[in-house]
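Structure, as structure tokens:
By written order: A, B, C, D and E. Residues from 1 in each chain.
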Amino acid sequence: MIGYVLEVAQAALALVLAPGLVGLVRWMKARLQNRRGAPAWQPYRELGKLFRKEVVVSSNASWLFRAAPFVVFASTVAVTFLVPILAVPLPFDGVGDLLVVVYLLLLGTFFLSLAGLDPGSPFGGMGASREMTVAALAEPTVALAIFALALSAGSTNLGQIVARTMTAPGAALSPGHLLAFAALFIVTLAETGRLPIDNPATHLELTMIHEAMILEYSGRYLALIEWAAAVKLLIFFSLLGNLFVPWGVSMALTPGTLVVAVASLLAKFVVLAGAVAVLETRIAKLRLFRVPELLSASFVLALLAVTSSFLLR
Amino acid sequence: MAPAPLLLAVMLAGYAAGALAALAARGALGRGLVAGCALVGALAGLLLGAVCLGAGLAPTFTASFLPLTGLALRLDGLSAFFLILIGVVGAAVAVYGFGYTEAYEGRYSLRWLGALLNVLLLSLSVQVMADNALTFLMAWEAMSLSAYLLVLTEHDQPGTVRAANWYIAITHAGFAALVAMFLLLSAGELTTSFAAMRAASLAPQVRDAAFVLALFGFGAKAGVVPLHVWLPMAHPVAPSHVSALMSGVVIKMGVYGLLRVTIDLLGGGPAWWGGLVLGLGTVSALLGVLYALMEHDLKRLLAYHSVENIGIIFIGIGAGLMFQSYGLTTLATLGIVGGLYHTINHACFKGLLFLGAGSVLHATGTRNMEEMGGLIKRMPRTAFFFLVGACAISALPPLNGFASEWLVFQTLLGGSAIPQPEVAVIMPIAVAMLALTSGLAAACFVKAFGITFLAIPRSPEAEHAHEAPRSMQVGMVSLVLLCVGLGLAPFAVVPLLGSSLAGLGGLAPTAVAFTLALPLHVPGTFGQMSAPLLALGLALLLALVPLVLRVLGADRRLRVADTWGCGRIGQTARMEYTATAFAEPLRRVFAELYRPSRDLSIDFHPASKYFVQSIEYRSEIHPWFERVLYDPLLHGLRGAATRVRRLQGGSVHLYLVYMTLALLVLLTVARWRT
Amino acid sequence: MDSAFSQLCVLGSSLVLIFGLILLWRRGVTAYINAFVWQSTVLSAVTATVGYFGNDRELYWVAGGLFLLKGVAIPRLLRRMERRFAAERELEPYVNTATSLVVSGLLVLFGYAITRPLVALSQLPTRAGMPLAMGLVLVSLFVVISRKKALTQVIGFLMLENGLALLAVLGTYGIPLIVELGVFLDVLMGFLVMQIFIYQIHETFESIDVEQLNRLRH
Amino acid sequence: MSVFILLLGPPLASALLAVAVKPYRQFVGWANALLSPFSIGAAVALWGHVLAGDVLTSGPGEFLRADALSTLLALCVSVVGALAAWLGPGMGGDDGYDGAQARKFRIFGNLFTFTMLFAVTSNNLGFMWIAIEATTITSAMLIPLHVTKASVEASWKYILIGSVGIALAFGGTVLGYFDFVNLAGHREGALNWTVLMASASRLHPQVIQLAFVFILIGYGTKAGLAPMHTWLPDAHSEAPAPLSAMMSGVLLAVALYAVIRWEAVVTAAVGTGFTDGLFIALGVLSLVIAAFSLVVQQNYKRMLAYSSIEHTGLMCVGLALGPLGSFAAMLHLVNHTLAKSMLFFLAGRVLHRYRTTEIGRVSGLLTVMPWTGGLFAAGVLAVVGLPPFGLFISEFALFRAGFAAGRPWLMGLVLALLAVAFVSMIGHLNRMLYGPPAPGVTVGEGNGWPLVPLGVCATALVVLGLTLPAPLQVLLERIVEIAGR
Amino acid sequence: MRLFSKIFQVGLATEPLPPGGADVVRLLHEVDARVRRLFGRAVAVRQVDAGSCNGCELEITGLTSPVYDSERFGIHFVASPRHADMLLVTGPVTRNMAVPLLKTYEATPAPKLVVAVGDCARTCGVFQGSYAVAGSVDQIIPVDVFVDGCPPEPTDILRGILAAIGRR
């Protein structure tokens, strides 16, 4: 029973924390630009505002346009039940493994891209096309990273991976793991629309990827999409944090370990957010047609990860 | 046991009656009879398969009907599975065809269309039950021939005859290989019965040769790269319900044959067999989807996706064969089960997609996606069905495509069990390629669905499109339900598939014990997942989110306005993103592969070059294997033909010279022969 | 006695072959017809000789038939055709005279080589002539191949049959009479049909040059 | 005796009737058509005798003899002869022939049938030779039924090459006789096949081999084996349709019959190795030439002719593949006879309507003459070896024999060549069947009754594809025994 | 690394917003309290150039710089009017831009505010009377706040925006 409670609590925590995480990255970036910046909780205010605004829908759009935000949100939230954020093992661990996670996220992307095409705006189509390109090219890297992890853990189920890594800490520092981490980090940047692949703060339609798709959205639909994007960032951070550096994740489900889990999770988030912020300050956006090069680099990293796991087995 | 002969008789009678009725009756009655008889036959076949698979029976039927060897039928698990496959798609296609062929009335010969459809179904059903080589080959050629003639239905359309020629040429080359293969296997055994082939002990070289021939023959039918060239030509020009049947079932006979021969008759082989199948599968999957991305002809796009999905099926089977060669029978069964699962899944969703494309074609009269758009409002049901198919083929959970791809992934992950790392390393590469394939497939179907159904119509035909008639909808709905059902119930389907393979050469004597609990737990290896719970969760969340929003008092105002286009005045279809544009980024990424030829011509205003009057952009992609593989072949053939033709030069003296030379040579041989 | 018989046979066969070779050497159609007449006459003489020495009455009939058919009837028809087409001279052949003679020499040698087992097997005194008969068959084939006029080809073909007849007579003292009669009938009919066709060729092509017959190809 | 009279009489009587009635009258054709079934009946009666296990002989010195092999050929010849009688010129209606032509056809066509029937029932190998030589003469007369440059050319080539070839066969006969005479001396009926067979095993191997080379080249010329096939595409394409059908359908088979008769003798003398080698060499060469000639063929009658070469080659290869192969070859012979004669009759209809033999100028055949087009398509699909037609079964049996005989590479080559022929013919067929009707061609089936017997042919082909009737099987098995396998 | 040491040395560059007179900001009417509360801490701005000489745009660009840093007030610029709460309109409305401006306004979901920046937006400035000019912003769409100046300083614009959402 406690497991199910924890499962729901974990999902709720993810939902609640996600906008703050985005705010944190933004705040850190502002500071790195020598700006005062908005506080980390600014995204909550924006979401709140959007939920209370009117929705304007294109006259060309169909029901798909209105259904897509819910699909995106639901699929993303569903993932939070499968990803170990605080504790393992959780009862839903067997419902889906890492592959399910990846394809659930793809489900969201799929519908969002369709929604981008629905109003018939050229920007939407452009965004959809680019988003799907990036998603498709990121896919093999994710799969290989999974392969590398699954090899050493003997399972693709996330709880299993975390538990196995905890019991055999040496694996976390193996070259396979490190390479896989690097590969997955690049994929995280791509999947969550971060620099150098996409600039979340751009105003120029022609350079957009994710933003271009959702140019038509407003009000609560926009809020759901933004929120889902934030949750997606949190999911990837959790994967990076907990799969590769699982320490801190509660395995005993006692209050004490849970507190430690929350604390360690926050610490990991801060570190990762800092890394993203520093990176985004340091580098410029890539030209769209050079993005595949970056992704293929990450693919090579992942491939090296797998082969090294094989050879060092 | 008792119902099996009865069901078999009903099935055969149904198809035969359908074929005869088609020739006899005309008009709506004729179409109805064709559809009804085919439906009866298909359902009987479905039941027959289900009964045998469920009860684990393997009844045999023989008749001294065919010369030389007699007709021999045997229904084991594998046959039963494929009977179910034929039944499922056949039934949907039959019902759909009733409405779809109405538009053919008066334009094309409905008699032959109906008769051949039934003959095709009949030959397919007989083929999967064949228990000797002659029965198999007869049914095989009957299938090829009827499919070929069905492709020719719209023979007055450009490209149809050419497509049919390519189809029959490649499929016949494959057939020749199959004849050789079976006769090699029968090793002088004149009855060519499969039982004798199983028992025969052949030299390794002969086995290898038989395998390569089988791979060629069945690969040609299945449309594996580089033997797939006929597929994107023939599928689009066939009537859509025939395309659905061809893509859903006919090409699957390649899969059936490959399994029957390599697993059952040959009992598996060395690791390179599996490696070859796996490699071909990987290449097919990737190239198939990459070429699909560049297609703007909706049915050609789907046809290329058939290449892709056959590739995925081959990946599963290839991995299974490899594991089998290393004695890892559980993993081997798993891989083949994955392949089979994807086989039936592909039959359902590709059948559905072709039927959907057929409805679109029916409504708009064009297959060119660039002339569609906005159909979701004009034909909402078809759009919804197509969307389900698109999601399924893109392997999105919780639909069926995901379940089988997941299984294939899991099999490949088991590759670490292979003792040789340098061999095992193939598996992660296959994993990566499979992942890339499914990502690209999703991109492709965003394009296919988005450009076809969404936004505003790009042509008057699309503007005035109408919803498909009821019978066509019924055909599609049945497949939609199957896509969902197969996606939700892997826990039930997988053990069934496992039992269908039970006891086939070298595989585990009984079905692998997949637990019948909710999660699909893959024994001995990597992951588990639960499709029903996943679907339930998604459904709950989808229902909950709007509810919570309402409870929390989110704003519910909604206003309809123009599409935002930076304030420009009036939106026309020409401003929309096109399919070409959608695929452009990927075309650049894979430019090395596509080697597109671009042709850009700009007309300037006579007064100033700053005013452009028109821009014409044409770009074509020539698949390189046609250039590298088929052109030299055709060239060589034509060259040889020209040289041989020169022999018949018209001079009677020359002819007499041939004769005299032949005489002298043969006399020399005869005189000095020891 | 046998040796004389044998000598006569070889002499006759040699003559038959030489008349065949004349075709390669001379150019005029008249000369060809004359050579053919002489060849047929010698052939029937050889047949009669074999009949005499071999005590085979039937062969006299054969010899008579041969002479009437090939020495008298067919040459008359040939001469009529020759006059009709005014085809005095053969056209330039595919192979010139010198080469033709060399080739036919080789062909006769080949005939010798081929018939070695026959000669070795046979006990008949006539056996020494068999290689020459085989040589004639091959040389006649060469004539048909290398000469352009339809008329010459017909003569070559008739000589081919002469060679075969010689082979039959020398090897087996002739095939059964009833069969032989059938063969005669066939030869006559075949020749008549060929004659009809030559007239037709002349009518439609206004020449009997076979080289023109080359529109059917591939 | 009566059976033989019934077999040989009708064509002879028809020919004589046609000679007697001048100018031509329509009743001559009808009389011919009515008489021709008697031949078929006689052939069936022979079949009955064969099934009962006895060999019918007749005439002085067992002059005529009908064993299983003869019976099969007699059946084929009489059926195709009857088809030609029914569908030939001079039966009324606008068939494109005048009275003189019809009379000529009735005379020589029936003589042609008669000579073929005589060839296959003659026990004496000399008479067999005479009859086959006579087939050349009678059929050559009919090729330029319409006198054109092309038909005259074709007939000249046919008569010249055919005569030279058949003369060589005579040489072979003489050599064989020589061998026999050396062994046994002059004897009554020495050229009788039965007599020859009785002492065949003691014949001198080298001599009989040389004889067989002459025989094979000679009769092979008539059978259309490469490289002596050269007359065949010309003659078949220029001959009137009924004659093409007879030549392609049965003349080739009769020539092959002669080869098989001698092959039995040679096999008894020197074993199967020698003949097998020759059969395979010539058969494969025929297949190669036919297959590649089909690739870029532009004339549909020539296409059918090359297809005949291909099938003769195939039968020849089959004869070299042991008893099973011989069985398959004979079955193939039956199937090919049915399919190819049907096709040539149909080609005649097409030619009559389109006035061209060019594939490229025949388009929309299915629209112009749906039934003719459909049957033509069925025929072509049959000759390329697709089920449910009989040729599929016989080809399969042939391959099975080849693999069982341990010749996988040879069979692989043959399969590949057949695939080339298949692809080519299907392509040509499609060019004819589809597309818009050629300009200036009247649309409509026209006189449909000739299609009835052809439809029966097609049905028979399908029946043979689905089942092998026991009487036929027994007949073919007997033949295999005769062929010395 | 040099970049990061520079960042560290500079420290915070943002200057506090100095209190200033309301003379350059003209409030046309009080904003609805609910709207004010809604937008109080988060407002998305879509900038519309209705025909400006781009002087005002230069100043607006200054708003996102570290010195003025509008983000600290929760003000950020967005790319689509669908996302926006407020339109920041500059320049006289030219004939070409009248309909686009109107469409932009329609595209913006309610509740929404309009801030017109610069003299031209209010009076058409030197372009007044030109054949190409359709009129001032308020002649096309309802305006909530005018910010005077040619061009106005970034601080003034910031104050105008804040005034519009009731956070003086």
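Here is the rule we go by: contacts are C-beta pairs under 8 Å (C-beta built on N, C-alpha and C of every residue); 3 or more make two chains touch, one makes a residue touch a chain.
Here the structure is a predicted model, which is why all the values come from computation and not from measurement.
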Contacts shared by chain A with chain E include exactly B
In terms of CA centroids, furthest away from chain C sits chain E
Identifier of the chain whose CA centre is least distant from the whole-structure CA centre | B
Leading chain pair when contacts are tallied as C-beta pairs = A-B
Roughly how many whole angstrom separate the Cα centroids of chain B and chain C?
-> 69
When the centre of a chain is set as the mean of its C-alpha atoms, what distance in Å lies between chain D and chain E?
-> 98
Chain centre separation in whole Å, for chain D relative to chain C (CA means) = 31
Could you tell me the distance, in whole angstrom, between the mean C-alpha positions of chain A and chain C?
-> 100
Chain C residues counted as touching two or more neighbouring chains = 114, 117, 141, 144, 210, 213-216, 218
Mark out which residues of chain A touch at least two other chains, giving numbers and ranges.
-> 52-56, 205, 215-216, 219
For chain B, write out the residues touching at least two other chains, lowest number first.
-> 557, 559, 561-562, 564, 566, 645, 648, 652, 656, 663, 667, 671
What is the complete set of touching chain pairs?
-> A-B, A-E, B-C, B-D, B-E, C-D
Within the complex, which stretch of chain D touches chain C?
-> 124, 126-127, 129-130, 133-134, 136-137, 140-141, 144, 147-150, 152-157, 159-160, 163-164, 167-168, 170-171, 173-175, 177-179, 181-182, 186, 190-191, 204, 206-207, 210, 233-234, 237-238, 293, 296-298, 302
Note which residues of chain D are touching chain B in the complex, please.
-> 156-157, 160-161, 164-165, 168, 206, 209-210, 212-214, 216-217, 221, 227-228, 230-231, 233, 274, 277-278, 288-289, 292-293, 295-296, 324, 366, 381, 386-388, 392-393, 396-397, 399-400, 402-404, 406, 408, 411-412, 415-416, 418-420, 422-423, 426-427, 430-431, 433-436, 464, 466-468, 473
Within their complex, state which residues of chain E touch chain B.
-> 80-82, 97, 99-101, 103-104, 106-107, 109-110
Can you name the residues of chain B that touch chain E in the complex?
-> 557, 559, 561-562, 564, 566-569
Parts of chain B lying in touch with chain A, wherever the complex brings them together | 373-374, 376-377, 387, 391, 394-397, 402, 406, 409-410, 413, 416, 421, 424-425, 428-429, 431-436, 438-440, 442-443, 445-447, 449-451, 454-456, 519, 521, 526-530, 533-534, 537-538, 541-542, 545-546, 549, 552, 554-555, 557-566, 571, 573, 575-578, 581-586, 588-589
